[in-house]
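Next, two complexes with chain A in common: one pairs it with chain B, the other with chain C.
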Partner chain A sequence: MLKLEDVTVHYGATVAVDKVSLQVEEGEFVTLIGSNGAGKSSTLRAISGLEPVVSGRITFEGAPITNGKPQHIIERGIAHCPEGRRVFPHLSVRENLEMGAYRRKDRQAIRDDVERMFDRFPRLRERTAQPAGTLSGGEQQMLAIARALMSRPRLIMFDEPSLGLAPNFVEQVFELVTEIRAGGTTVLMVEQNAYAALELCDRSYLLETGNVVLQGSAQEMRENPDIRKAYLGG
Partner chain B sequence: MNKIVFFVVVALLALLPVLWPDPYMLSVVSAAGIMIVAAISLNVLLGFTGQLSLGHAAFFGIGAYTSALLSLGFDVSLFGYLLVVDPKPVWVAFVSGILVAAAFGWLIGKLAFRVRGAYFVIVTICFAQVMRMVALNWVDLTEGPMALVSIPALTLWIPGEGVIKLVSKSATYWLVLAANVLAYLIVARLVLSRFGRAAIALRENETLAKSIGIPVTRYLIVFSVISAGIAGAAGGLYAHTVRIIDPEVFMFIYTITMVIMVIAGGKGTLAGPVIGGIIFGLLPELLRGVVAPEVQWMLYGALMVLLLLFMPKGIVPTFNGLVRRLRARLAREKTAAAPAKARGANA
Partner chain C sequence: MDQFLQHIVNALVLGSTYALLGIGLTLIFGIMRVVNFAHGELYAFGAYVSYALVSLLGLNYFGSVLLAGMLGLLLGAAIEFLLLRRCKLENIDEVMLIMIGLMIIMQNAELLLWGGVAKVVPTPFAQESITIGGIYLSPTRLFVFCAAVVLLIAFYLIIERSRLGLAMRATFQDRDAAKIVGVNVGSIYTLTFALGSCMAAVTGALLAPVFVVAPTMGDLASLKAFAIVILGGLGNIPGAALGGFALAAIEEFGSGYISTAYRDALGFLAILIVMVIRPQGLFAIKERVG
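So, the complex of A and B:
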């Protein structure tokens, strides 16, 4: 479904992603693991058109999307849930959701989808008119995920969805990601928490300083001695 | 509710020349009103997209000069060709001023929005200085420091009266008021649209806005065009009411005045530039007989510091916050009082 061939991304003068090749099949749950600065986020940013690709090719469902504009890539069915500040703090919860459907034109269907999101996340319904900045960190992440779903993606990319959340919310977020995948949406997730990532996904790629150094099924990765030592704590 | 307040305020303001026909007061208020239109235009960029343009006087000046020159007519030799432009009807000139300013807004947006933050600010400052130099030195076209004089007033066709020139103090006042109402409504319409919400989204988090498919740079340029167009209208209004303009209109101090009005009133709110504009537009005149001009500038400085210290978001947001808190407290007291009353009834 998604294919990266020798993709290189520069971050200023340094090479953030160095000839990375990876593939995500329809319906799969793939994770990118690795330490800080390994190029995981840059890879996602290159896919969604936020970061220019210096060389290499990215194709989605057979069509080239290398260096496409973000608004065209989202229209093709790729949603990106970036890391860091996840919501628009001064827009209301409802407005945040509607922003997720910004490229869609089907107004009635958008309204229905907002309702569906509220059914799915009752906590958000209680806070419909509240500015998103007043939600807790966990609620903001729920909102961010709901917003990403509002574009009706076929592939959804999460960047460190558990970062900075309280443990019970981390679990909820991972449950939610699993649910989304079970609903038929393909998932590509960046996660520093290798342990959790390898528990959940089908396949995984390990990135180190911009290179794919290891890849395999979740089980293969979990059993790999190097990964056990470096990322799973023995 | 808000609409009713808006109409009442506008109606009261419209009655001012009838209730208090003091020509001095009317001309002071009109002058402030023109700066308020300019502040409204700056707020479109600074308040809603978060981009600080420190060259906004340039769009004001371009509007003023374009409108004045077209209504006066001019001839200028360009690369050996003599270009002669006959005087155009004053409204045609005025609208052209808006369009030319908007075109420059597009150009500057196209160039300057390749960069953000401090770089954008610097590009806009340079642009205003370049425009001032052009106005000062292209004497063939602009008369330079000798100024453009005898600029015709705007006209209005009134049934039964025919075409009249809007030269009286009250006519000027109404004209400026109308321009303010129009600018306010245009910006309100813009902000409440899809476009406006996208602008707020990109102000709050540009990366996130991009990731959900908002073409950020294109939107910034659209806002730049609208902002410059409204600033150009303010400039045209200035040219046809003061009826004399010189390169001073490009001065940095005018931009600073607009910025102060927007920040003091509350950037990113519709009423902010109007409230800030009324205060900082009228203050110089109110203080004129009281203290020397040098002291006045110090007083503004002090006022500005105090405002930023106690109302960092500006007057309007602070006031709104107070109202919200007051309402919340009233609601709490009501719910606290209700059970007590119920008990009283039972006893």
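So, the complex of A and C:
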């Protein structure tokens, strides 16, 4: 469904992503793991069209999307739930959800989807008119996920959705991601918490300083001695 | 007492146009982080459009205001598309230099086209003031006030109620997140600059029959627009509206009770004081558009 071939991303002289190749099949749950600064976020940002790709190719459902404009990427069915949540702090919860559907034209269906999100996230319904910036971290993460779902994506990318959340919210977020995948949406998730990532996903890629150094099924990765030592605490 | 009320009325009329001018500038700054030194020249542009249409072509004043607004919209879009889009907005120095250059070009173009002599635009209204309870108000100024208030409300509705306004506010609050949800940030910038320019041009055209039209008018308008925006807090739209009325009140009461000669100086003195005691602006709660 999604295929990256030798994708390279630079920030000035820094090479953040160095000839990364990876693949996500329809219906799969794939994770990108690796320590801070490995190039995980940059990879997702390149897919979304937020960072220019200097070399390599990205294809989605067979069509080339390398260096596509973000608005065209989301129209093709790729949603991005960014690192650090990034909800619009002074927009209301409802407006944030509406922004998630910005590229859609089916007004009635958008309204129904907003209702559906409120059914799914009762805490958000209680805060419909409240500025998103006043929500707790966990609630903001729910909103960020709901906003990404509002585009009705076929592939959804999560960038460290559990970062900085209280333990009960972390669990909730991972449950939610699993649910979304069970609902038929393909998932590509970046996660520093390798333990949780490898519990949940089908396959995983390990990134180190911009390179894919290891890949395999969740079980293979869990059993790999290097990963056990460096990422799973022995 | 009559004197006091007279000042209030004058301040309201002037303040409504200051609010329009300031909102245009603060909108551009808030969303694009561009310090638009040419803002006053767009105001002058509107005034000259009105002069050309009314005094030279004999068109009606109301039509000239409408056309000035539309031409301001187009000129603003062209400036964004041809100049700003080509440079990285993060390079503040570069952008400032470009805007100062644009200001110089526009001002000299006015001088070349229309000469240095001030022009007069005739008003379509009666010259005699309306008197209500000892307070005088010319029909022209009454119209300017009503038009400005209508425009302020229209602007408020665009920002707070329309899809475009929502996208503008979202872009201001988090540009990357706006891109992620599919906002074409480039076209939001074009529309923002166009809308801000349109407001300056409309203000210039509205005020053409009230003041004279001269190539230097843009300088003072720019200075005042900056003063208003600073009073209200940079990028703060309700702040700019209040800042407009505040500056007008300071000028009006200052010239009424202190000295007419220092009218403009008093306004700028007030800005200096605000910058020292409340650098975030008089009305700044938090920095935001909308």
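In this section, the second predicted complex is superposed on the first by the 233 of 234 C-alpha atoms of A that agree within 3 Å, B and C clash if a C-alpha of one lies under 4 Å from a C-alpha of the other, contacts with A are read in each partner's own complex, and residues count from 1 in each chain.
As a convention for this text, contacts are C-beta pairs under 8 Å (C-beta built on N, C-alpha and C of every residue); 3 or more make two chains touch, one makes a residue touch a chain.
Computed from a predicted structure; not experimentally measured.
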Superposed on chain A, are chain B and chain C clashing or fitting side by side? clash
Please indicate which partner A:Arg103 is in contact with in the superposed arrangement: first for chain B, second for chain C, both, or neither. both
When the two structures are overlaid on chain A, which partner does A:Ser48 contact: first (chain B), second (chain C), both, or neither? both
Shared chain A surface residues [contacts with chain B and with chain C]: 48, 50, 69-71, 74-75, 80, 82, 86-91, 95, 98-100, 102-103, 147, 151
Residues of chain A touching chain B in their complex? 48, 50, 69-71, 74-75, 80-82, 84-91, 95, 98-100, 102-103, 147, 151
Residues on chain B engaged by chain A in the complex (per definition of touch): 194, 197-198, 200-201, 204-205, 207-215
Please name which positions on chain A make contact with chain C in the complex. 48-50, 69-71, 74-75, 80, 82, 86-91, 95, 98-100, 102-103, 147, 151
Considering only the defined contacts, which chain C positions touch chain A in the complex? 166-167, 169-170, 173-174, 176-184, 286, 288, 290
